[in-house]
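Inspection log for the structure reproduced underneath, given as structure tokens.
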Amino acid sequence: MLHIVNKSATERNSLESALRMATKGSAVLLIEDAVYAATQGSVAAAKIKSAMADVQIYALGPDLDARGMSSRVLDGVKVVDYGGFVDLVTEHNSCQSWL
Amino acid sequence: MKIGIMVSEGPYNHQASDTAYLFARNAIEKGHSVPRVFFYHDGVNNSTKLTQPPQDDRNVVNRWSKLAEDHGVDLVVCVAAGMRRGITDDILAPGFRISGLGQLVEAGIQCDRLVTFGD
Amino acid sequence: MSDMMDDMDEGGEGVVKKFMFVNRKAPHGTIYALEGLEVVLISAAFDQDVSMVFVDDGVYELIKGVNTKGIEVKDFSKTYRALEGYDIEKLYVEKASMDARGLTEDDLIVDVTVLDSAEMANLMAEQDVVISY
Amino acid sequence: MKIGIMVSEGPYNHQASDTAYLFARNAIEKGHSVPRVFFYHDGVNNSTKLTQPPQDDRNVVNRWSKLAEDHGVDLVVCVAAGMRRGITDDILAPGFRISGLGQLVEAGIQCDRLVTFGD
Amino acid sequence: MLHIVNKSATERNSLESALRMATKGSAVLLIEDAVYAATQGSVAAAKIKSAMADVQIYALGPDLDARGMSSRVLDGVKVVDYGGFVDLVTEHNSCQSWL
Amino acid sequence: MSDMMDDMDEGGEGVVKKFMFVNRKAPHGTIYALEGLEVVLISAAFDQDVSMVFVDDGVYELIKGVNTKGIEVKDFSKTYRALEGYDIEKLYVEKASMDARGLTEDDLIVDVTVLDSAEMANLMAEQDVVISY
């Protein structure tokens, strides 16, 4: 299953809920303002780092670029473009957006 | 693969409609089909032909209309949500149509995936 | 457009998918709880395997003793009781979400199944279509 | 006392417009004046005369129009935000007018208080 | 100064920010979904309780009623109606909405 | 309506109030940063005492090195540099918000004054009009 998170983890609780419900082996894609959580120095980065043991974390590159955050991405987070986003949706048997 | 989309926020105020559009366009470029985009909640506000964004900005509504024209995407605006927010046939942009919530459930049944974009 | 509709009609007959509606928002502050209910009621007509889950602030949707007169909006909390009449009988709440808000099953307007977070996660992972607010 | 109001969200999707209206009505009932309500961001969507909410629900747009008629409240819709979202003179409900952001700053200067309602 | 908070403290960070910026003697009014923070048993109640030493906390009654929360209000939180909301705005020299 | 406008015009001449614009949202995910800037630019024409503050995710609005091509929206980050030309020179950021996001002044596109939370709170308390997003 692919979990899609679009809100900043320093503003809302949706990343935390998504990580709580992400079963081992599932994937979490950060898009829009959620990409900040995957950057070095953010207090939210701790949540991403501890989640990476069980789930694969992806972040949408164009959203990182638009926020000036491309050079700060945490090691282990895979950056994808919109085509990669499409691939993640088709490769997983279902997806959920944590709005 | 058939990928259905739901959009829950209006244009410009939130990025949801932009992300949904770019996702849809890339899905089609990769050879998938996007049979239907369903606009619900404030998402119905994507369908008005009256928007006039600044010249140097993207035109969210026109982009959806063009995607419908070029690739036969069915752009469905929820009738009940649209009535609450003032979306009527008179102001509908090309490619959009107004219909019931059943069209969302149907997209969920008939598409291989359903992806939601919202606030 | 009608081509696409035909296309969509193709394998549609007799398919039963697992639909899950995920409610994460409190009522009244936003319309998601109310308009979310409308989708669930419509989905009942399609003979799918429908479940509703309430996590995070979504558990507040099910609270007893609502009185909306003062804010001059409709009280739709009784609609949750009507779900059974539409054969929508799978209602799940997450225990951690209830605990964090000091709520118990006695506070809720309908009978629900309480799941721990791992059980809820497994249930979500089994779904074909997840619609979340 | 003169109390100005800003509304930043559209009708129904968020409670902001309801709370702003009830606040304004109660302020007037208490003998204060509400010289102006400024609609910005998605708040501009409160001004369309095309909304048709369910019969048993409140009519957010009409309530604002009536407040303007009964108490001379100046309902101002931001022109730039309105153009982005498809709010034009043709679909404006009674009592609303379209003008510039300067009207918001002016309300801040000339009112004793400015209260914002949004998401 | 009157700080107005309208979002649930278990969903967003706005209550926390308002309390961080509320100077001694100022007032915080909870409206809309923010009223849940002033109810017994919520994890957010701890933030309200510790803030009450320095600031006065108010909650909008009609919003509590609409959410079935009127009987659960924390001791020390003053419940006001819309008229009371208006009074709070006029009695303080300025107000800020933490959207 | 015109009566009310006259009424509003009354004591308007020569008044200088303290206006504060509070930015708490990240750019692009929502329009508040962009439309908030538009209000600030207009306010410059009214000869008021204007300040802009950036707290919580609002500090992300000032980050260097933005490239919005991929999401196909305008890059308005350079507008913050133009504020000086409008005599909007009081820009404040909260240190705690910067620290929580791993940011320093070097990461920002404009010169700002960094305040601790207590200083920021005192500055807010002094204002006549606070407009927040």
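By letter and in written order, the chains are A, B, C, D, E and F; residue numbering begins at 1 in each of them.
Following the convention adopted for this analysis, contacts are C-beta pairs under 8 Å (C-beta built on N, C-alpha and C of every residue); 3 or more make two chains touch, one makes a residue touch a chain.
Just so it is clear, the model here is predicted, and its values are computed rather than measured.
Looking at the partners of subunit D and subunit E together, the chains they share are C, F. Any chain that touches subunit E and also touches subunit F is listed here: A, D. Chain centre most remote from that of subunit C: F (centre = mean of CA atoms). In this assembly, D is the chain whose CA centroid lies farthest from the centroid of subunit A.
By count of C-beta pairs in contact, C-E exceeds the other of the chain pairs A-C and C-E. Centroids built from CA atoms put subunit F at 23 Å from subunit D. Once the centre of each chain is set as its mean CA position, subunit B and subunit E turn out to be 38 Å apart. One finds 33 Å separating the Cα centroids of subunit B and subunit F. Across the assembly, subunit A contributes 6, 10-11, 13, 32-33, 62, 81, 94-95, 97, 99 as residues in contact with two or more other chains.
Looking at subunit B, one finds that residues 8, 12-13, 15, 19, 22, 41, 80, 114, 116, 118-119 touch two or more other chains.
Looking at subunit F, residues 28-31, 56, 71, 73, 128-129, 132-133 sit in touch with two or more other chains.
If touching chains are joined by edges, the resulting network of the protein chains shown has some other shape, matching none of path, cycle, star or complete graph. Interchain contacts (touch definition given at top) occur between A-B, A-C, A-E, A-F, B-C, B-D, B-F, C-D, C-E, D-E, D-F, E-F.
Those residues of subunit B that touch subunit F in the complex are listed here as 12-15, 18-19, 22, 56-58. The touching residues of subunit F, counted against subunit E in their complex, run 22, 24, 55-56, 96, 117, 120-122, 124-125, 127-130, 132-133. On subunit D, the positions that touch subunit E within their shared complex are 1, 3, 8, 15-16, 19, 22-23, 25-27, 29-30, 32, 112-119. Partner subunit B is touched in their complex by these residues of subunit F: 28-31, 71-74.
Per the touch definition, subunit E reaches subunit A in the complex via residues 10-13.
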